[in-house]
Each structure stands twice: as C-alpha cells, then as structure tokens.
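Following: one structure in structure tokens, then a few remarks.
Chain nomenclature is as follows: A, B, C and D, assigned in order of appearance, with residue numbering initiated at 1 for each chain independently.
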Amino acid sequence: MKSDSNTDWQFKLHGIIYESNTPAGKAFDIGLLIAIFTSIIVVMLDSVVSIHAKYGQMFSTLEWVFTALFTVEYILRLVSIRKPFRFVWSPLGIIDLISLLPSYLSIFFIGAQSLLVFRALRLLRVFRIFKLGQFLTEINFLTHALKNSLRKISIFLLTVLTITVILGSIMYLVEKKENGFSNIPESIYWAIVTITTVGYGDISPITPMGKFVASVVMLIGYAIIAVPTGIITHDIALAARQKKELPESCPSCSREGHDSDALFCKFCGSSLYR
Amino acid sequence: MKSDSNTDWQFKLHGIIYESNTPAGKAFDIGLLIAIFTSIIVVMLDSVVSIHAKYGQMFSTLEWVFTALFTVEYILRLVSIRKPFRFVWSPLGIIDLISLLPSYLSIFFIGAQSLLVFRALRLLRVFRIFKLGQFLTEINFLTHALKNSLRKISIFLLTVLTITVILGSIMYLVEKKENGFSNIPESIYWAIVTITTVGYGDISPITPMGKFVASVVMLIGYAIIAVPTGIITHDIALAARQKKELPESCPSCSREGHDSDALFCKFCGSSLYR
Amino acid sequence: MKSDSNTDWQFKLHGIIYESNTPAGKAFDIGLLIAIFTSIIVVMLDSVVSIHAKYGQMFSTLEWVFTALFTVEYILRLVSIRKPFRFVWSPLGIIDLISLLPSYLSIFFIGAQSLLVFRALRLLRVFRIFKLGQFLTEINFLTHALKNSLRKISIFLLTVLTITVILGSIMYLVEKKENGFSNIPESIYWAIVTITTVGYGDISPITPMGKFVASVVMLIGYAIIAVPTGIITHDIALAARQKKELPESCPSCSREGHDSDALFCKFCGSSLYR
Amino acid sequence: MKSDSNTDWQFKLHGIIYESNTPAGKAFDIGLLIAIFTSIIVVMLDSVVSIHAKYGQMFSTLEWVFTALFTVEYILRLVSIRKPFRFVWSPLGIIDLISLLPSYLSIFFIGAQSLLVFRALRLLRVFRIFKLGQFLTEINFLTHALKNSLRKISIFLLTVLTITVILGSIMYLVEKKENGFSNIPESIYWAIVTITTVGYGDISPITPMGKFVASVVMLIGYAIIAVPTGIITHDIALAARQKKELPESCPSCSREGHDSDALFCKFCGSSLYR
C-alpha cells in the first residue's frame, strides 16, 4: 500500500536524522556538526572588518549555501515525523528556525543579516557528540545532579540579586554621580561586577567610605561564592550514591538499562529494590 | 462583647497580613511584593538623569502613592497585633520604618528623598515567596547548614582581614605613594581587592618588587578561597545527613512537623530517636 | 626564702601574661589586644597625608606611648619565664621585637619609622581572642584539617607556578614588548594575575593570537581553581570523621579533654580506642 | 665479552640518568634541576632590557654553556637506552629537543634565540623532586583523582565554551563595534574574560542593555564555577575511599605495591578482594 511504504520511508529518514546509533545516523550527525561549526566560523570571521573586506563576497555565498543546506535539513526534519508541529515548537526546532530566518529576512530588511549570530545557538547540538562517544553516563550523571541543585541555586541567585540591589543602592548614596556611580541601576551593575569577583574596574570606588563599603561587598562575595559550590558538590555526591545503590539489572527479569530515577523495572514492572 | 469582636477582627487581619497559608494572606503577600518591586523600580529609574528629566513628575507622584500605601500597611501591621512595639523593634519593623521615613523627611529636609534607596531593604521580604512555593524545605536546609558554618566562616574572615592588613602594610612600604598606594588604608583596600580576586586594576603594582609581592598575595588568595568552600560543603553534607536521620513522624504519637534540631516530640514529649 | 617568693612572683606574672583562663589573664589579653588595635590604627591614619598634616604631632606622641607600653610588656614577658631566650627566638617573640625596633631605630635613622607598619604583624595575636571565646574547637578543627592539606596544596601551588612560567614565556613570544609584555618576569606576573582570575587589566593581550592564548590560560585557571577546593573539602570531611570517631572520654578512666590526634589517654595512658 | 660490558655500562648510566632511588641518580636529578632552574632564570633576566644591557654578554656565554650541558645530557639519555627513538618521541624527549634547538637555530636564523623561552617547558621535570621526597603518595592520589574527573571536566569546558560563543555573539549584537566589541571573536574573548571572573576591563559594556547582559553572564559564571569544584571534590573523595578499601598487601602472597586500580595481585594473580 502506498501510505505504508510512505511511512516506511518516513521511518528510515527519521532513523537517519533523529537517531545516531545507526551508521547512517552517525554520519548525518557528524556531517551536520561540521556544517554548523563551519557556518558559525564563517559568521565569526565575516564580523572581522579586515577579513570581511577581503573575503566578504565569498562569505556571503557560503552563508547562502549553508542557509540552503539547513533549510533542506529543516524540511526533512518536518516531513520525517508524523506530528511536525511538535518539532516546530520544541526548543531545538525554534533554534533551527531562528538560525534560518535572518538570511531570508535580509532580503527584505537591510541589516537583518547581523541576526545570523543567533546561528551560534545551533552549537547546542554539539552535545549530540556525547551520544556518539562514551560520555553518555557522565553527562546523564551531571545533569541529574544539577537538576537536583536547581532549586537551591535559584534561591542562592535570588539572595545574591537582593544583596546586590541593596548594596548597589547604598553605594549610590555613598559615592556620588561624579564618581561613576551615575544611577542606581549602574550601581547595581557595579555590585554584581564586584560580588562575582569579575572586577572590570570601569566603575570603582573613589572615596574612602566607598572603598570601605566595596571591601565589605568583596568579602561578602568571597564567603558567598562557597555556597553554590557546597550545594553542587553535595548533590553530585548524592547522585553518585543513588547511582551506586541503583541495581543495574532488574532483580526479577534481570534486564538492564534502567533510568537513574527508576523505581520499577520498565520491562516487567516489578520493583527494582528489595 | 465589643472587645471580643475587636480581637476577632484583629485576629482576621493578622491572618491576612502576617500569615500566607490562607487565600487572603497569599493575595496580600503577592500584592505587597508587587508593590515593593514597583516602588523600588520607580526609585531606580528616577535615579537615571535622562529618565528623571522626562518622568520625574510622575515618579514623584508614584513615590507618594507608594508611601501612602506602605504607611497604611505599617499602621495595619501595628493594630493587628497585641504588642505592636515588638514589631516596631523587630528587624523587619525597623526596615519598614526606614523605608517610610525618607518621603516624610523630604518635606522638611531637601535631599532626604535620596535616602529612599533604603527602600531596597524591603526586598528582603522577597524571601516570603518561598513560603508561598515549595522552596521551604530547601531554604530551611540551607539556612541550617549556613548557621553551622557561621563560626568557622567568621574565623576565616578574621584570618583574611589580618592577612590583608599585614600584606597591605608591607605593600605600602614596597610600592611608594607615587604608585597609587598612597596610604595604608588604601593599601589594605588593594590587598582585599587582590586576595578576593576582584582585581579592579585602579591600583596595581608598578615596581618589580611590588609585582612579586602581589603575585604572592594572589597565590595565597587562590589557595585560601578553598577554605570557606570546604567548610560550607562539609556543613551542607552534615545537615543533609542529620535531616536523613531525623524521623519525620514521632515514633510514639506519629505526629509530624518536627524541627531539624528537635530531639523530643513537641506534641507528646517522647524521644524522637530510639 | 627570697628566691622562692621570686619564683612565685614570676609564676603569677606568667599566669597573667601568657595564660588567659584567669580573670587577670583575660583582662591583660583584652587590654593588650585593644592597645595593639589602637596602635595599628594610629600607624594607618598617620600614613594618610591629610590626616598626618593635622594630627601628625599627636600621632607621634601616641606612637612613643605605645612603644613604651609594648617595651614594658616585652620586658615583663622576658622576666616572667625561666628561659627568656626561648621566647626571644619564638615566632611571636620575633614579631614583638620587630614591632618595637622601628621606633628606636627612628632616633638614629631617618625614615626607619616607616617600618612601623610591621607592627601589623602583631595583629596575629588577635587569634588569642578565640581562646577567650568558644571558638577553640572550631579553630583546632580547621588547623588540623588544613595541616593535612598542606602537602597537597604545595604540590598544587608548584604546579600552578610551573604552568604560569611556561604560559608567561609563551605569551612573551606571542605578544611583543610593545604590548606591555615587556619581559618574561612581567609576562609571568601577567599569567599569575590571569590564572588566579584577579585580572587587573594593567597588562592585557592586544593581538588576536595573544587573546586566544589568554583565553586558554583563563579556562585552565577556571578548571584548576577546583583542585585546592576539592583537597581542602576532603580533608575537612576527613578531620570531621576522625573527630567523631575519637571517644570524648577515656574508656578506662573516663576523663575528657583529649586532643584530636591523641591515641592514648593523657591521664591514665591506656588506649583511647578499642 | 665486550658487548656485555657495554650493556653493563649502559645499564649503570641508565640507573643514574633515568632512576632516582640510587645516590648517584639522586645527585644527577638534583644537579639537573639546578641547571634547568638557573638556565631558565638566565633566559628570564636576559629578557629584561635594562639587565640585558649590562650582562647580555655574560648571559649569552651562559646560555651556550647550558646548551652544551643539556646537549651532553640529551646524548647520554640516547646512548643509555636500547631503543633511543622511544625517548626521542616521548613527551619529555620532545621537550628536551625543543629546549636545545633554539640555541643552534640562532646560528643560522637571527631571532631564533627568542624561542629559548620554550626551555621553560623543562620545568615540568620539577615534578621529579616529588620522587625524591615523600610526596609520591599524594601526587599519585591527586593524579588518580584528576584522571577520573577528566571526562566530566571536558564536558564542563565544552559547555562553558558553547555558552561563551552564544553569549559573545549576542553581546556583539547588543553593544556595537564602537564600544570595543569590534567583532564576534573579540566578543567571545570578552565573554571568556567575564565568565571566568578574570575581568580585565579592557573591553567592558557601555550601554545599559549591554550591562544587563553582562550581569547575566557574570551570575551564570558565578553559579557555573561550582560545577568543576563539585566534580573534583567528589572524585577526590572517591579516590580516597578506593585507596582505603584497597588492601595494601595481597591476601594470598602478602606482597605489596599494587596500583590503586589493581583488582588482582600483580605477583601471584589472585584477587586482591575477598
């Protein structure tokens, strides 16, 4: 039947584009990564004035070639799955569209081409190479540990933000507009630069009182930096312990490959723990 | 009886203003947070010269609206509890008063309005949103761990301060006034900037000898930063272990909700541990 | 007998000056700390040109008062112990002498007074306040943990130094003298500033190649900073476990107060462990 | 037989040059380290213009002396082993050759002498001093722990690099060429400087929007720095536990000296674990 063979063709294409455990899928993934890398390097080099002057024309052609390639890839991604809109609205789908649009927009709007930098977002696909290698266990382990830390880290970041707003406001009072702390948002920016120990030095305290407050901010930042580290270290240790405790194979049917948060065997449904 | 109904009215108001587990209390808390946020953003934007020029009049009106709102809130807080002075002298009460005063002071003293930045302190109420969400366990856990670290962290900060005073004094001798190290407090400020790895670059060593001393300071700071991290990581792990060991429900009366440092059931008084 | 009463007098003085668990000893320690603090603040303020102009004469008098006080204290320390040379050559004794000499030297040599900054070293006595408070357990715990880390941290620092020498040398080749990397020691200084993430910005790469090498240095520094933290965290956890395992009271004579590294009871000599 | 005595001579030389547990080997190692240190310090000082002007001639002579010494050492290393090419292509062999070549190249090419800085790579031999001291256990322990972290750290560095490419590209759009973000590679350099908290300040955001994006980058960097620390801390704890569990002597033949990852006795082949 025609519709059946069509599905079969769809299934094969899906295997190549979305999977990476077949030789064809692997080759597609590697090829795509090389194309993404090259296209980003072209955008990068094109932004350098002296290089643009020499090779601008060539880069422009290359960008259209890559846009064509990625458009074909995008269409293939859509036709190879049964519910294409699921992909369109998925994070990766949106990124793929964003990296395509600037080229087409540049036909109608001058300057839209500069949005090509968003193509850098496609670099996130680089993490697929872990699927190709042996890194899967490690990346799973890390993401699992970080997911656990997320809530605590967000509490931490909110605390830091509150502190910087308060300290930035105080600093705005202490140092006046003349000394670079021209308004409160600027002072908060300074507080963030200081508490994160980045310290550009574009704004820095001038008055003795300001230097005193700044010293307090720095010492607070010095002690505070330890908090997220403590949180993540703890959650990594926790994730490691859980991984250890998790039986690799089901005690009932002895099949393997269970997720790190699985409580029941996904094959026979019996509990993974005694 | 009149006095009774009065107390009842007080009790209801107290439930709305001080608690957040009733729908009315939740709504009040969220409304208050929005008002605080907006008022702080108004103060922030008003400090930007170009924006002040345009919307200064509007901001001035808004600031009075917020002052009126917060004054009403402050009075309601006072009347809804039996011992209002307890609130007045509590940290949150003092912050609330401090955030009100500048507006009223500005009537009598020109420039007092700039003290409005202290309204940023009210941002500390932001941590009430954790009461609304699921973050309570995490925030309890973190504060518990940090409370344990407090003593060790203060020993650490005293050590760092002593080191910076000594190193700053030495640097004042090595680099002379001509090179920016104009006096000892300034040199200590430099030592703090360096040891915390902030490194503004507003003062930096010029002579070879000064650069050598600075390198030593940096390497010391590099090794020292590990200490608070080690302390906090350890105390987080400790707090986690204690939490784990703590029985959630009393083994005698099986009621729950015990504090993390509780040794005996707060309902029946029997030991929580075997 | 005279000699006996003399020893008795010596013993009492020793109790006041060297010990801090008697009321007189506590008072002496607190008084000494206040004197040290004040004298250092006088030296600090005297280094500020504008303050020196106003109060220079007063500060000069105060410095002589403190020098007299500390000289008396130094002599008392010598006479109250039987082997005074032990104290003279101990670290604290050398520091005490160093903080006295500049005042006397300034009579003969102009400018020797600037060496008064070394009086800051006396701040190290500040750690005696822990003897007064409840901090003793924590400071013992921390020094014990850090002593264990010492070897590993020194390996780490040697590695960092080697890396900075190599990277600094390479950077000297990449960026030329014109770009601030005027010689190899200067380039090594830059590498230390960069790898410790201080980043003054007094020297920073200009050429694209230099910026690339600098980026590599930064990322190395970013990953490397984790090593001392890991080491110290581990040794703190280890020290905590050992402390836990250590029986608080001797299993034989049940007396308490054993050091964290004690293996045998200091009162009855039997093993503290089964 | 002549060839046999030759091998014997080779064997003795090998013991002196490559080993360090004999007195002669120790003396050779220490002498070599002193020579390397001195030669590097000569190269360093020679790069300082003012010192070069005075002692340039002397340094030039010294450099030839060291080159001669190291050439002899290199030849001895070759003749004392049976498969000299193995050494030539080993990392240490390549470093030794690289540190010799510049002097000889400088005869033919003017300026080649500046490549002498690569002699700094020989400093890596400094880690041999650990073989002389008691540090061997610690360095083995650390390298073992770090080897375990390698994969996770490389995932982390790839993530950081991807983030900096994306954030740098966005910043290039937000801040224009006029504000120092002259092209995308430059913007990525800025993102690395910022996320690693180095913060030179040679490029820093000027527009409010740019400062906002920069603040986000800093806070991300602040939270992200915790990840490698957590990883390494965990792997150090793991390595410590494994070391503890590892029996020092084989339970069958009781011989010692097994590697930390050994599962079976390397002498009798029986399992090291029950």
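Going forward, contacts are C-beta pairs under 8 Å (C-beta built on N, C-alpha and C of every residue); 3 or more make two chains touch, one makes a residue touch a chain.
On a predicted model such as this, the values are computed, not experimentally measured, just so you know.
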Turn needed to bring chain A onto chain B - CA fit, degrees, nearest 5: 90
Numbering shared by both copies at the chain D-chain A contact, with half separating same from different: different
Whole-Å gap between the CA centroids of chain A and chain D: 31
Whole-Å gap between the CA centroids of chain A and chain C: 43
Junction residues of chain D - those touching two or more other chains: 156, 185, 188, 197-201, 225, 229, 231, 233, 237
Chain D to chain A touching residues, read off their complex: 151-152, 155-156, 158-159, 162, 165-166, 168-170, 172-173, 177, 182-185, 188, 194, 197-201, 204, 208, 211-212, 214-215, 218-219, 221-223, 225-227, 229-231, 233-234, 237-238
Residues of chain B that touch chain D when the two form their complex: 197-201, 229, 233
Complex interface listing, chain B residues touching chain A: 40, 43-45, 47-49, 114-115, 117-118, 120-121, 123-124, 126-127, 130, 134-135, 138-139, 141-142, 145-146, 153, 156-157, 160-161, 185-186, 188-189, 192-193, 196-202, 225, 228-229, 231-237, 240
